[in-house]
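Residue numbering begins at 1 within each chain, and the chains themselves are lettered A, B, C and D in the order written.
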Amino acid sequence: MPTVLGQNQYGKAETRVVRVTRDGPVHHIRDLSVSIALSGTMDEVHLSGSNARVLPTDTTKNTVFAFAKEYGVASPEEFAARLARHFVTGQESIRTARVRVEEYAWDRIPTPGPAGHSFVRRGRETRTAQVTFDGAGGRWQVLSGLKGLTVMNTTDSEFHGYVKDRYTTLPETRDRILATEVNACWRHAWDGGDGEGGGGDGVGDGAAPPDWDGSWERTRGHLLAAFAETYSLSLQQTLYAMGSRAVEHGPGIDEIRLSLPNKHHFLADLKPFGLGNDNEVYYAADRPYGLIEATVLRDGAEAAVPQELTNLP
Amino acid sequence: MPTVLGQNQYGKAETRVVRVTRDGPVHHIRDLSVSIALSGTMDEVHLSGSNARVLPTDTTKNTVFAFAKEYGVASPEEFAARLARHFVTGQESIRTARVRVEEYAWDRIPTPGPAGHSFVRRGRETRTAQVTFDGAGGRWQVLSGLKGLTVMNTTDSEFHGYVKDRYTTLPETRDRILATEVNACWRHAWDGGDGEGGGGDGVGDGAAPPDWDGSWERTRGHLLAAFAETYSLSLQQTLYAMGSRAVEHGPGIDEIRLSLPNKHHFLADLKPFGLGNDNEVYYAADRPYGLIEATVLRDGAEAAVPQELTNLP
Amino acid sequence: MPTVLGQNQYGKAETRVVRVTRDGPVHHIRDLSVSIALSGTMDEVHLSGSNARVLPTDTTKNTVFAFAKEYGVASPEEFAARLARHFVTGQESIRTARVRVEEYAWDRIPTPGPAGHSFVRRGRETRTAQVTFDGAGGRWQVLSGLKGLTVMNTTDSEFHGYVKDRYTTLPETRDRILATEVNACWRHAWDGGDGEGGGGDGVGDGAAPPDWDGSWERTRGHLLAAFAETYSLSLQQTLYAMGSRAVEHGPGIDEIRLSLPNKHHFLADLKPFGLGNDNEVYYAADRPYGLIEATVLRDGAEAAVPQELTNLP
Amino acid sequence: MPTVLGQNQYGKAETRVVRVTRDGPVHHIRDLSVSIALSGTMDEVHLSGSNARVLPTDTTKNTVFAFAKEYGVASPEEFAARLARHFVTGQESIRTARVRVEEYAWDRIPTPGPAGHSFVRRGRETRTAQVTFDGAGGRWQVLSGLKGLTVMNTTDSEFHGYVKDRYTTLPETRDRILATEVNACWRHAWDGGDGEGGGGDGVGDGAAPPDWDGSWERTRGHLLAAFAETYSLSLQQTLYAMGSRAVEHGPGIDEIRLSLPNKHHFLADLKPFGLGNDNEVYYAADRPYGLIEATVLRDGAEAAVPQELTNLP
């Protein structure tokens, strides 16, 4: 029985580039991991091994470093878009480019004097961006996101009134810890703008793209605030509050996908020792964990973020 | 601007269950991690926090243990299917269930005498299964797979004749190491069979399901053999050889998705020390790595395995 | 040839306990992983399997939770000391107890109103403590530390003037990135004080113990400051500057062990593309890495921190 | 208060080298991660930053690749010893060298025909070696080991008769799963032999060194057999049986350190569902875990393996 080739892509993954810019004695850094996936008319290399249409993955890696020098890294989204456009417009065989970026944040270490070249890695979460440029349609899809943002409420969370079947043993609770590690990916309405997808030497020649860094910071803030301020009857409710707040307060955001593991904190049973436990001592469990996933959309928008994108391992 | 709820699902992830069965002094084990995702009419819990239609994730965990006792674990696929059917048929609010299983393999430790209850964990790869049951259509989708299977050819791999652009510096080679870590996911043609999706107390009342364990072992064997026996001009060619062999020799397999990181082994440069290096000493690099991904389909089949399913982190 | 039993110890490792305390609507949390190792007259359990002198590891876990309730968690060191004393004084067969604690830090999420029960995990580093109580000598050894504190200087680092042998190819540099992940463990002079090791119901009845939290914060600050402010000719020089500053400015600290992986940032070679690279674009390498390890002692102190304690995997 | 420098060492860690040797169409591979730690008269580099006595860590990396070419990799121990001798005898400032090696095993993929150049990564455990050469004394210390060897007995394990205190709740059991991940490190009696520690161009000019590969395979076999064949009343008893068997049956082995996490498998509680559980369904827990550690010595030998060497993270 014969077989055929389906969707395929290739590129260099996890190129780790650090870009330093200097403002006199004050340095700025952007620290990225860049993963590139190119697709197009690539049947031959699969069927016969001919590389005549294949730009090597090593070249895509080199391009990351060269572009960091030539254009700097204004933001993960801008950098990814520039790379995506380059591959699609530079190689006839490449029709679509998807560039994923992870960014790692650093804080300044305060020092005496005007110099500013010392940094300490901040936080545990990673900022993410995925930019896809489809050369045929001239359209962009830009997804921003974060992963690994761990949060906890020590009260204002209840869980009761659920379905009980033969296998239900969980007791209801009116006060519990609610903790999760936020994995989020949101889609910007911006798609390159005027329908022609640009064609000059800039990125997106139509409507001006958003302020990517500002948008990301605001969205992260909305997610944190909604988590903290929602009196929660279920993690689903908290998820929806987070997602809808990000979309409602983010004019350029059409869709968000959230994947929230319920990091269970179980009350330690101290009764055998003659001790009470008025929500004071918890056991933090690793596995298994509840996993709550959902997409929140601006009314009228169509879902386009793949469900698997925020999947946990 | 109002928002709406899109696709959503929930359940307990990574429930670790070990099932022991005894044949006199000879024991058998199956060692699984089970992750459940349920979806259906779940708007209320997101919008108001009402759990009136929510079966707790804790219950889905309990069900895994109870089913392991009541029905045993004949195979990851069979066990996943049984769970999926249970949730969809048991709760009106649940319309679709997706059950993912990872299985960890063990070998026997040989001992004197008839007893057989000592085991050592085998291999580095993980067997995977994902079964989705759509109650509305009564249809099944069964994906089997593996991840983490690391393989290497120390010769019979070339790479040349590729596109060179301004950023290309890679030298061509006629003899290199080719190494990868196979991440594969294949879709079975079996979908429950007679169009009614079953309805009795078995799993899939239509056509009999495949021999899942036998099918998995054969497919793994085909992937290994195709990797070893293909004289490779590109990793894409090797990928296609692997995928097409799995489909052509697997009568019940309609589609396979492969994600192959090119685990680069660079020749150490020994010239500064006055030494040659005739493909003898290599540096095994971690990052970045080439990443080659493709779907191979039986002619006439439609692609249904999400591209993101075999994504590397 | 007969064998004999050497040093041995046992206990429960990685008990994850979260302690919440409430100050009206304002909550405080301490989030710990506690690992206990007990040793004493334990020959029988090894030789015959008799558990007559063995307090189960499950009990040591229970004790962690019970003590979190009964005494709270004033600091990792204080909590560890209380546990260590309990096991040594509570069981005749236990002569020495070593308690290791990892603490994970959380920041408050700012919210409107007086409530304070929302938190976000801070930073990537882990605070560590190891307290050993030797019942026979009545002496304490308290080690505080941190791991995973990642720092970078983008200039003020040189490397030249080193030994060249047949295998040396590294070019000298007058300006490079210096980055490392600080793994540090320091030993307090405090050992319980008056020579009797205490014996009442407090911890350490002799000299008052240090302010553990304050000491830890100050030491972390000194390590960061010394890293940032040292013009570095070698990572060893930076290490010594960090260690000596921590000891000189920490009156109660007699010794510090530092393990500093040199997280190499290599200048990307952009010459093939006709581009310069004036310390602007770097490739962040994972492996291999230089590893610099040393102990710094207060003059006259004897080294007691095991070299292997800060070993990287 | 002045400070002084204590023990210090430096070198390149985790150099990943793959050595291919060819026997016609049949290839052989050794796949290693090599970590080097050098110490000697290194005060100046710490105090002033002078590198005049410092061989760069980059050079130690280069030496690994060059030696793999020049001498091959007969075994991890032999390769480590050759490197250690080189650094100590080649640089006056280096007095002691410690070389750690991890080896990853590969199996052949069977193929038709005489060729043998296709491999699949075997097993989950890692073989380890640590060789220390002290130039002053001319003595060697060779430690061999393994980590990550996961084993399970589904019966023939009991746990009862233990101490009960106020915090003990664990029920006794006469039949449980016993599972662990073996982390072992054993010390060879061989120390270079005739007291002069060699001095020619071989490694160890005194007594001939053991057959390192054969010794390692036999020791691994003894550890597995003792685990499987011991009817266990406690994990300590099993540990001692494993250690003493390795030493008693390994004429050249004087000492072994074992670190055995008790990978708990708890019986799932199925009573709420009206189901029994006759040791059939278990929940495999991750954390916390019991941790049993001990040294077993040949009678008359002195302990020299650091307790921390086999520490789990």
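Just so it is clear, a contact is a pair of C-beta atoms (placed from the backbone, for glycine too) under 8 Å apart; a residue touches a chain by one contact, two chains touch by 3 or more.
If you're wondering where the values come from, they're calculated on a predicted model, not measured in any experiment.
**Student:** Could you give the fewest steps needed to travel from subunit A to subunit C through chains in contact?
**Tutor:** Shortest path length, in steps: 1.
**Student:** By label order, what chains touch subunit C and subunit D together?
**Tutor:** A, B
**Student:** Which pair wins on C-beta contacts, B-C or A-B?
**Tutor:** A-B
**Student:** Need the CA-centroid distance for the pair subunit B / subunit C, whole Å please.
**Tutor:** 39
**Student:** Between subunit B and subunit D, tell me the centre distance in angstrom, where each centre is the average of that chain's C-alpha atoms.
**Tutor:** 32
**Student:** Measuring centre to centre with CA averages, how many angstrom lie between subunit A and subunit B?
**Tutor:** 24
**Student:** Would you mind listing the residues of subunit C that make contact with two or more other chains?
**Tutor:** Residues 15-16, 62, 66, 167, 169, 272-273, 286-287 of subunit C each touch two or more of the other chains.
**Student:** Note which residues of subunit C are touching subunit A in the complex, please.
**Tutor:** 15-21, 27, 29, 31, 62, 65-66, 68-70, 106, 109, 111-112, 115, 117-124, 149-156, 177, 224-225, 227-229, 265, 268, 270, 272-273, 275-277, 279-286
**Student:** With touch defined as at the start, can you tell me which subunit A residues reach subunit D in the complex?
**Tutor:** Touching subunit D from subunit A are residues 166-167, 169, 272-273, 286-287.
**Student:** Considering only the defined contacts, which subunit D positions touch subunit C in the complex?
**Tutor:** 1-16, 33, 35, 37, 42, 45-59, 61-63, 66, 90-91, 93, 159-165, 167-170, 232-234, 236-237, 239-240, 243-244, 247-248, 251, 255, 261-262, 287-299, 303, 306-309, 311-313
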